[in-house]
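Down below is the structure, laid out as structure tokens.
Each chain gets a letter, A, B, C and D, in the order it is written, and its residues are counted from 1.
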Amino acid sequence: MPTALHRLILACLLLLPLAAHAGDAEDFLAANPTQQAKLLQDWAAQPDPARVELINSLQQGQLTVNGETKTVRLNNRLRGLINNVQASQQLLATEPKVRLAAAQQLQKSATPAQLKFLDQQLANEADDDVHSALSLALANLQLVDSDPAVRLAAVRLLGDTGDPLARTRLEALLAPGVEADAAVHTAAETSLAQVKRKLLVGEMLGQAFSGMSLGSILLLAALGLAITFGLLGVINMAHGEMLMLGAYSTYVVQLLMQRYVPQAIEFYPLIALPVAFFVTAGIGMVLERTVIRHLYGRPLETLLATWGISLMLIQLVRLVFGAQNVEVANPAWLSGGVQVLPNLVLPYNRIVIIAFALCVVVLTWLLLNKTRLGLNVRAVTQNRNMAACCGVPTGRVDMLAFGLGSGIAGLGGVALSQIGNVGPDLGQSYIIDSFLVVVLGGVGQLAGSVMAAFGLGIANKILEPQIGAVLGKILILALIILFIQKRPQGLFALKGRVID
Amino acid sequence: MNQPLMLTAAQKAGPKVTIAVGVVILAVLLALPLLSLLPADSALHVSAYTLTLVGKILCYAIVALALDLVWGYAGMLSLGHGLFFALGGYAMGMYLMRQASGEGLPAFMTFLSWTELPWYWVGTEHFLWALCLVVLAPGLLALAFGFFAFRSRIKGVYFSIMTQALTFAGMLLFFRNETGFGGNNGFTNFRSILGFGITEPGTRAVLFLATVLLLVASLYIGWRLAQSKFGRVLTALRDAENRLMFCGYDPRGFKLFVWVLSAVLCGLAGALYVPQVGIINPSEMSPTNSIEAAVWVALGGRGTLIGPLLGAGVVNGMKSWFTVAFPEYWLFFLGALFIIVTLYLPKGIIGLLKKKGEQ
Amino acid sequence: MRITPTAEFMLEPVLDPNKDAGSSRDAIGLGQAAGKGLNTRHGTILTLEDISVSFDGFKALNDLNLYIGVGELRCIIGPNGAGKTTLMDVITGKTRPSHGKAWFGETLDLTSMSEVQIAQAGIGRKFQKPTVFEALSVFENLELAQKTDKSVWASLRARLSGEQKDRIDEVLDTIRLTASVQRPAGLLSHGQKQFLEIGMLLMQDPQLLLLDEPVAGMTDAETEFTAELFKRLAGKHSLMVVEHDMGFVGSIADHVTVLHQGSVLAEGSLEQVQENERVIEVYLGR
Amino acid sequence: MKRRSLIKAFTLTASIAAMGLTWTVQAAETIKVGILHSLSGTMAISETSLKDMALMTIDEINAKGGVNGKMLEAVVVDPASNWPLFAEKGRQLLTQDKVAVVFGCWTSVSRKSVLPVFEELNGLLFYPVQYEGEEMSPNVFYTGAAPNQQAIPAVEYLMSEEGGSAKRFFLLGTDYVYPRTTNKILRAFLQSKGVADKDIEEVYTPFGHSDYQTIVANIKKFSAGGKTAVISTVNGDSNVPFYKELANQGLKATEVPVVAFSVGEEELRGIDTKPLVGNLAAWNYFQSVENPVNAKFVADWKAYAKAKNLPGADKAVTNDPMEATYVGIHMWAQAVEKAKSTDVDKVREALAGQTFAAPSGYTLTMDKTNHHLHKPVMIGEIQSDGQFSVVWQTEGPIRAQPWSPYIPGNDKKPDHAVKSN
């Protein structure tokens, strides 16, 4: 293991003069913020394994002096510097993974003072990944090197990254009067073009993803409505409140699990799914039996009655849970995101929601097309009297279908609770969008709703950067109104003899 | 279904009582502004507060009547009438803002660093042009929307959802500051109208009288329409549109006429509402407001002329009382009202009264 | 329910209906067979050629050809799903054919006209299910159907002239609803509704009448009376009757068309088609 | 048929009677005080606690014997987050209930709605929320911050070495008058400090906006161009989706700090604060401020919330607008004592130069002329428990500049209150 040995020797050599400084913590505590910053910059340029403990506890905002733990008041600037020191330290670690992460951090935060140290580390780096990451970090600093050859190499290296920071650095280099060497200048231009192309790819992918994500949210919000409105013909204005109740179920599950099974709290959204489904389905069935069943075939009346229901549900939740939004936290596995490209991070919660939306669609499709219940639902919605004559218990089927629609809305509510607010007004902000999705997709058409949701999501996200969120939304509303002119039955319309 | 028996009974007993009640109410409404001019310590004095409150409810009653023309008679439930109401209000508000700002730009424009008026503000310093806008803005929008909607036979629920989307889009548009209508704040701090101070008791009384007159005029128009063959065509349209087409009537023209008429009435109501309450802002366009208007009509009794007025009065009166007495239960009450009316009172209060009158 | 690109939106009727309607009245008071403005030089009032309609791949009408002469009374029969109602939808503009020609007289292209234009041009239709304006009285139903200026402005100012009232009374008498004149149409019996709808057609005074199962739900006496009525109408008007009741068809028709799977299977007198091998096969399922 | 007329007559009388009925029964020797905060509708989230705070303060004053020997009597009305209703209820308070003073309003539009009423009837309104300035009515006392008491110090901090020496600024706000004006002032301020226009980005979202993917992606792109700070005037509800998206897309406060002007303790209550930790807020008061006045203030509030069984009483917090309400009511009471009358003109005169030892730890002064308080400015960092730790504060209270010098034309505005009409 020559490299490990090398590193150790090197470290020892490097740090010999500093080893005596046992009073780092005292120094830090005694310093004012400006001096603290200076200290941290020095430490970053000359990392010392002896300081690992110190830095780790500093990151937590604490310092131990003479066995006594003290709280340090940090601000964002100091935290940034501490992270940089940490990365410097970690370059000395034996674990390549740790070194890689450190090198990546240094690409963003390294300062010219660290140049010498990084140079040394690079020379000794055996791991390929770490080596290339580190050389990039170094290249950022070498752009101002006095040797044109070094600058040229650095510029070329930067061209291979898709890092947004590289773009800024190259642009700075290309500013008039900065780079004297013609060769470096040309190379910088090529590199900049390369970087820009890569950034554009990242941006496009990002836009596509955010469109998909918005689409999946619209879909989850609208899917239940596609059943209650699309199949049963009930203009369910209380649909938004079913989403809201689903989200509140999530909140209650989270609360209960925190109290009784705190060890499994990470998985509360999974428990919340069935709970939300059955709670909202149950409420939906009660509503169907008490109010809606008297109103079949009178769609405009269902609109008014369900609007009344929605007002009462909102106020009920306000009285029970308070007008304030409630706290629904993302569990760790739904926090953060995966870095796909230097300028593209896909948040986990959004990825999970897209997958979840598709799952729900598939399950709904299976339920409607492959089960007895689905057959009954379709029969009743197409010809109620005929179905009744064939022995289909229409009342029960209506109730179950409405329950199903409400339950799916409840599932949507669980997903919505992971990306936004949970408050009594949650449903109100989704109801108009949901109706537009169902109408645009073609009433009663599951596939249509899916297409419409994703179409609207992506269109929204393409328009937003161009003309802003508000105008984008207005434009889309206008387009939908025009589209409905052309195809009053929506995207997926069943043609047929019109029955009067 | 209307029972012929009941019809004749109502025809026999109806007019006298109805007219008597109508005359009394009208007399009270006409007396209110005069009483408000009495000195404050007089026993009969009507406060400015009462006058503006009743004036506001009267404006709502006109909206309810206008909505009833399209919903009760022609069977098209609009969930976007708040938009027309607000457009009328904004048109009047533009004039009032110009009056308040004198030669300069309205305050919110200087705040956006605009140096000149946008083209659509041109001429709004003239009261007559503002009046034209009050009619034209909601009228033309209704014409354009109706033209497309009726051409492609959007009806029933689709029509309701589309109108809702329309008013929602309008609300978003007017919330934007760049649109040039004061954004979220809208228009407020009016000073004078036609040179009279907006807070003068005399101005208030005149505005109130104008509202009463508009209400009476709307009632008359509605009554004439309901009596004419046009009214019968609308009813036919509501019940069997296809049959009507095969009789050779083009439903689009009939729908469009009543739709635009209704929008214009709403616009006029909005124009009278704004100087009385002293503010117009985009929340008037929120879909909730328009749905609430549908409940006034449903509660009062759709397809009748008095019903919507009654509904608007009852709901708003209760709202004033409930939000003071039990603010937390107002929404429960309103929600329950929606459900009870649709389940048990399909003909509204008027239907209930007729039934009772018959027994 | 496609919209033809040429269909324009108009407040005024495109084709001015005959102003001098009723100038030459017969016993029941319908106008002349072919009104002014309709060119029927070759004696056919309706020409359908190669008409096809398909719904999601299912061909409801398949290269259908049909000619109806001026003053003819044509019966259309055929098993369920043969395309009878779709045929009426095509003629009245409710359904657009995917290809084919449809002419009313010699000059009017039905495929490019809207339902309203077609109705105003002189084609009246009675639905399978009786459709009347239920909230209006019998009198008002007839008043609305009356042949007159049907624009918005005209309706706002309309007043019934004495002549028009007489005309309504006449038709009321014909359809035997004089006693129920002020009743809301929704309260009529099924048969009465059928008659009211026929009465509305009479008021409309069209040149071509399309009648979808006119005697369904009628008593024998009523059916007989209807047959009489139709026979009187024929000659001065052209009639196309879709009916299942063979007795009724036999009592009125001189010319019968049999539809099957969207195209014409046979045509001729009732006896002729009843002897046709393929017709027997289709009807008896052999 | 008669019933119809009865019902109509009933509604008319009922609605008229209802207006006068609110508080007809009263003791003779009280001073009526109006409270005009939304208790229902969208603004109820924020305003309900101000109503409760006002009631607590009134109780506190009454417990010490009231004002001029008279007890204070609160008249609470609910304008239901409906802007025209604010004007209507304001008129009701002044003309029907004849209150001596009104404490209320939150949004700018509600204040603009009632302003003509107060000026017409010469009423007195105390407005407790930070706002955009550009107003100075003789009938209003502003106890919240003007832009120079909140926004400008916060930006100065961000530009300082300690605050991270930000070079580029992303101004993000909800599209209404407060963010617009604040950003306009900030832009002029930044320009005066030599920040180029290309380093300032201004973006607005509609109310209730919940999809911040595009905006966060734009912030990331923007921040690649140099040390960036986000200045957020995003309104209440939209904050959670915004901060969640920031955290999930990997933007950390150490790299791109966000300083917010509308996020306080009350807004943080009941949201998942994990993604927000390290981000900043600028206010004139934080619950975490350590001094005896504040300790008592917080303890009193918690006890009051528990005693009155307010929703969420176990997690009751205080915030800046609550402190401003508390200070406003006390100052008014002191002024009434000084004027020995509740007459609006006399009280107005007595309020000039009035001082009060506030929970923020400073003795606040009501300016002699401009109707605004002199207030200290503090920058707090969001902690995981939903509280703020103060990382920076001004040396002492600063005077408000409601007519910001950074808006052209304001130099001609008088520095004392004049009626708008």
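The rule we apply is simple: contacts are C-beta pairs under 8 Å (C-beta built on N, C-alpha and C of every residue); 3 or more make two chains touch, one makes a residue touch a chain.
Being a predicted model, the structure only gives us computed values, none of them experimental.
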item	value
Centre-most chain, if every chain is reduced to its averaged C-alpha atoms	B
Selected pair, greater C-beta contact count between B-D and A-B	B-D
From chain C, the most remote chain by mean C-alpha position	D
Approximate Å spacing (C-alpha centroids) for the pair chain A, chain B	44
For chain A paired with chain C, centre-to-centre distance based on mean C-alpha positions, whole Å	62
Geometric centre distance via CA averages, chain D-chain B, whole Å	35
Rounded Å distance between chain C and chain D, as computed from the means of their C-alpha atoms	72
Contacts with 2+ other chains: residues of chain C	1, 94, 127, 131
Residues of chain D touching at least two other chains	175, 204, 206
Junction residues of chain A, two or more chains touched	470, 473, 488, 500
Complex contacts: residues of chain B adjacent to chain C	1-2, 4, 147, 151-153, 225, 228-230, 232-233, 235-236, 238-240, 242-254, 256-257
Touch list for chain B against partner chain D, complex	13-14, 17-18, 21, 24-25, 28, 47-50, 52-54, 56-57, 100, 108, 110-113, 172, 175-177, 183-186, 188-191, 199, 277-279, 281, 283, 306, 310, 313-314, 316-318, 320-321, 323-325, 327-328, 330-331, 349-350, 353, 356-357
Chain A partner contacts - residues on chain B that touch it in the complex	77, 145, 148-149, 151-154, 156-158, 160-162, 164-166, 168-169, 172-173, 175-176, 242, 287, 291, 294-295, 298, 328-329, 331-332, 334-339, 341-343, 346
Partner chain B, residues of chain C touching it in the complex	1, 3, 9-11, 13, 17, 92, 94, 114-116, 119-120, 124-125, 127, 131-136, 140, 143-145, 147, 150-152, 155-158, 182-184, 186-187, 200, 204
Sites on chain A touched by chain D in the complex	33-34, 37, 73, 75-77, 79-80, 83, 108, 164-165, 167-168, 203, 206-207, 210, 213-214, 217, 322-330, 335-337, 339, 343, 345, 347-350, 419-421, 423, 425, 429, 460-461, 464-465, 468-470, 473
